[in-house]
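The following pair of complexes shares a single chain, chain A, combined with chain B in the former and chain C in the latter.
Presenting the complex of A and B:
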């Protein structure tokens, strides 16, 4: 039984220059306690997908959402604001790249956590205060009694993200959505935060959805991965499977794009030419075709369906079956190419 | 012959909370056509060092010699005349470009400032620089706001190379860019280094990018260089526990990813100490799992690793005994192969 089931999710922003199909027919499911990395470039729709699950949009956004988001027996797109508020921060916690934008700068961090506990769980003031200190300790903040009384501004970037995580897990959510949670952090701090997320997921039995542009971050924290391009899921697989069998040309491009630490200088990098479409998806062709070095005629005239290319491995590419065969024979196409 | 020699540079600042030593006795050198990667975390002093080399912040001690001229001994006027030989590329391309100037004016500006060439020569130089960084001639009349992030950074690089510098100082030149743009800019820098025989000081917090571009690397911690050597020595066989911790912290797309992060957590303990109250002795000792009383008492000097005339040096009392700090054998084998 899935904890989260997203069906044919579409998110369209109406802008002055026309509609932008930021999310264009996305479907996926997560089991309780599962871990899923969502990878793509800026503008691929990965953050918008996450926000759409909780309808977290600014009131100035002219946004249209359709599809269904089944979570724990209810459709989050159809429940009223009051019930949705109980889910946000209650059953689903969220953390973002910049914790400062989600923390109240004028309120002691312990109070902010306690407030959330009182709101969602109805515990007493003194119980909430005590539990806030426990939560700060659990995310690795030293001297939590003292730190609970301090403002967010007195915390370092890494410690602030820990505070944010303690706030997100305060109500023992069944799912945590983390949107680029370590992008702004130094690499040793990032390592600690990723390990913390992984450990909390296991100890709390939470599902984790982690949005990032970095496959390394996914590998460290998630069992499954899905790659987004122009509002669509182009590939889904287990992370272990993807190392060897990346199928979609866009996934291959992303993997070859960045220098890998374990390689010394291996010649020039391979940027993906061109740019993602600014209007998102919604076309009648493969959205990646204009940037794809493998594209054939059909890619320009028909939207490719998701094709099963292995166990729990889907790729939305007209060449998926052939590419899967090649990968089986040669392995690691994105490494071979270097 | 080194084109840039930095010797024992110390930079101190007064802050509201007191005086700090941001750069604490750093020496390094750069040869023609060589890239030195400078890595370290926020607050380690790498950007301040870059600004000191550029003579943009005063030094309390030490010297910076560019092509055998001591920059600190020059008058303002003489320094201005030397500046075209050492140029800088910044992190935020947009913020470093005048929004009212078009691309060709922006790229030609350093030439005008330094009084290089006449109008026709400058136009030729600008066109050449644009070609070198891969900017199409069609964008010459555009304003920065009409360019993509990648194009803006190409303009930043063209401005830096148009005066034919010997040294290019790049301070986090790709960290503000999206991944696909990063790859393009890294390739541009890589090509320029080869074509123009530039000496490059490349500052970045992304170790994979630094390893990709650098011949040698220096690892900074709390104002000091704690380890330096060829990129394959330092990244393949790190000797300082901090270097090993940094390397292990890089999340890699493989099955050992989480295990490596746990290694990192054992090697880098707790939080960065304040520069207002730096630890005695070894700067790293408060976070080091191998620290002993000796580390608190005496500051470790840089010691050569391997042959005495080699490039690999480390500041750690215990580097000889910390055998466990060597990474998995498979990787060191690779780096040895590469060194041959």
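Presenting the complex of A and C:
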């Protein structure tokens, strides 16, 4: 029984320059306690997907969402505001990219955590305050009694992200969505935050959906991974499987982007040429075709379907079957290019 | 960590005193500029003797007036005497009221202060709360309707709005007194006029400040915690826009002194410093006019100083805590 089941999710923003299909028919599922990495470039629709699950958009976004998001027996896209608010923070916690702007600058951090506890668990003010201190200690903040009374400005970026995490897990949600949680942080702090997330997921039994543009982050934290491009899922697999048998040419490109020790003597990186489309999906071709070195005529005229290329491994590419065969014969196909 | 915090707050207090001294110095310089400009407009560009002389006065008559007021002496001597006089609060004699000009101004000042304070109170009520709600509900019907109302309010000429209110509530309905300051209710219409005109501007500024705050990431985080829009507004947004709102209201109060209150006092015959100024101009009561302009200028400079310091003080206290 899946905890979260997303079916054919579409998100369209109506803007002054026309509609933008940010998410274009995304379907996936997560089991309780699972860890899923969502990888893609900026503008691939990965953050919008996460926000759409909780319908978290700005008051000025003119946004249309369709599809279904089944969570714990209800469709989050169709329940009323009151029930949705009970899920937000109560059942699903969320962590955002920029810890410097994600906390209210004029409210003590303890109070910001306690606010969530009082709302969802109805505990008293003093109980909530005491529990906020425990939560701060739980995410590794020293001297939590004192720190709970301080404003976010007296915390460093990494510490603020720890506060954000304690806030998101305060009500013991069944799922945690982390939207680029380490992007704004120093590399050493990144590793600490990822370890913390992984440890919390295991100890609390939460499902973790981790959105990132960095394969290294996913590799460290997630069992499963899905790659997004132009609002669509182009490849899904287990993390281990994907590293060995990346099928989609875009995934291949992303994996080449990860700097390799073996390349150190050449000093060479392998960027993917061109730019992702800015208006998202919705076209009648493979969105990646213009940047794809393997593209054939068919890629420009028909949208490729998701094809099973291995156990729990899907790839949306017209060449998926051939490439899967090559991979079995020759191992990691992107390695041969060197 | 503790020591750095301590030194940071100590240095911010030190610079707050420095700031106070700098602002005081600036205020004195501006005030000096104001009185100097007034002096030169009257004594160098114009000729005060012509103000006192009858229309048909001959050259000899004007010469006599010159000697009587000491206008035959060099400009720098007269300027120095003028400054010394001002320092002693000696603004000269009112030619019409036969008493020191400063007395006429001091008598009128409380009326203007009462009117502007009640007026800014009305403006704050009309502008702040609807501004917050409209900013939080941007592009919804309430926002559109109140936006239209506020643009109308700040676009109509204030004297015209005053006359309109007199016609409606004074003449047609007969509910409220329309001129003078003889009873408590007299203040309602002039204060309402000021409140509507300045409330429109306060609304616009508070609305955009709230709107901007609502699009900050921490608001999305608050939403992701499951708070209602109302709680987000009350507990998070208003707390953050509070200082800005207080500053907006402060500036609007100063702007009131810069113009609207003069027209409104005239329309409603409110016996304040605005009406006194216009009367003095009509009656060619030069020293009263001069005293009223200088005192009003000093009041504006002083208010600016208070707002600026208040803002800095609150801001630093927040930063320090």
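As a convention for this text, the second predicted complex is superposed on the first by the 329 of 338 C-alpha atoms of A that agree within 3 Å, B and C clash if a C-alpha of one lies under 4 Å from a C-alpha of the other, contacts with A are read in each partner's own complex, and residues count from 1 in each chain.
Just so we're on the same page, a residue touches a chain if its C-beta (ideal position, glycine included) is under 8 Å from a C-beta of that chain, and two chains touch if they have at least 3 such contacts.
These numbers come from a predicted model, not from an experiment.
In the three-chain model built by superposing on chain A, chain B and chain C fit together without any clash. Legend: residue contacts after superposition of the two complexes on their common chain; A:289 is shown touching neither chain B nor chain C.
Using the contact criterion defined above for the overlaid structures, shared-chain residue A:119 touches chain C, although it does not reach chain B.
In the superposed pair of complexes, A:164 makes contact with chain C only, with no contact to chain B. For the combined model, the angle formed at the CA centre of chain A by lines to the CA centres of chain B and chain C equals 80 degrees after rounding to the nearest 10.
Contacts of A:104 after superposition: chain C is touched, whereas chain B is not reached. Once the two complexes are overlaid on the shared chain, A:230 sits clear of chain B and of chain C alike. Contact with chain C, but none with chain B, is seen for A:58 once the two complexes are overlaid on the shared chain. In the superposed model, A:299 lies in contact with neither chain B nor chain C.
Once the two complexes are overlaid on the shared chain, A:87 sits against chain C while remaining clear of chain B. Applying the stated contact rule after C-alpha superposition, one finds that A:275 touches chain B and leaves chain C untouched. Between chain B and chain C, the smallest C-alpha to C-alpha distance in the superposed model amounts to 5 Å. The touching residues of chain C, counted against chain A in their complex, run 5, 136-139, 214-218, 220-228, 235-236, 239-240, 318-319, 321. Those residues of chain A whose C-beta lies close enough to touch chain C in the complex are 54, 56, 58-60, 85-90, 93-94, 96, 98, 101-107, 115-116, 119-120, 151, 153-154, 164, 167-168. Chain B contributes residues 41-42, 148, 178-184, 186-187, 190-191, 205-209, 211-213, 231-232, 235-236, 245-255, 257-258, 261-262, 264-265, 268, 270-272, 331, 334-335, 338 to its touches with chain A in the complex.
Put simply, chain A touches chain B in their complex at residues 41-42, 142, 156-159, 186-192, 194-195, 198, 213-221, 240, 243, 254-255, 257-266, 268-272, 275.
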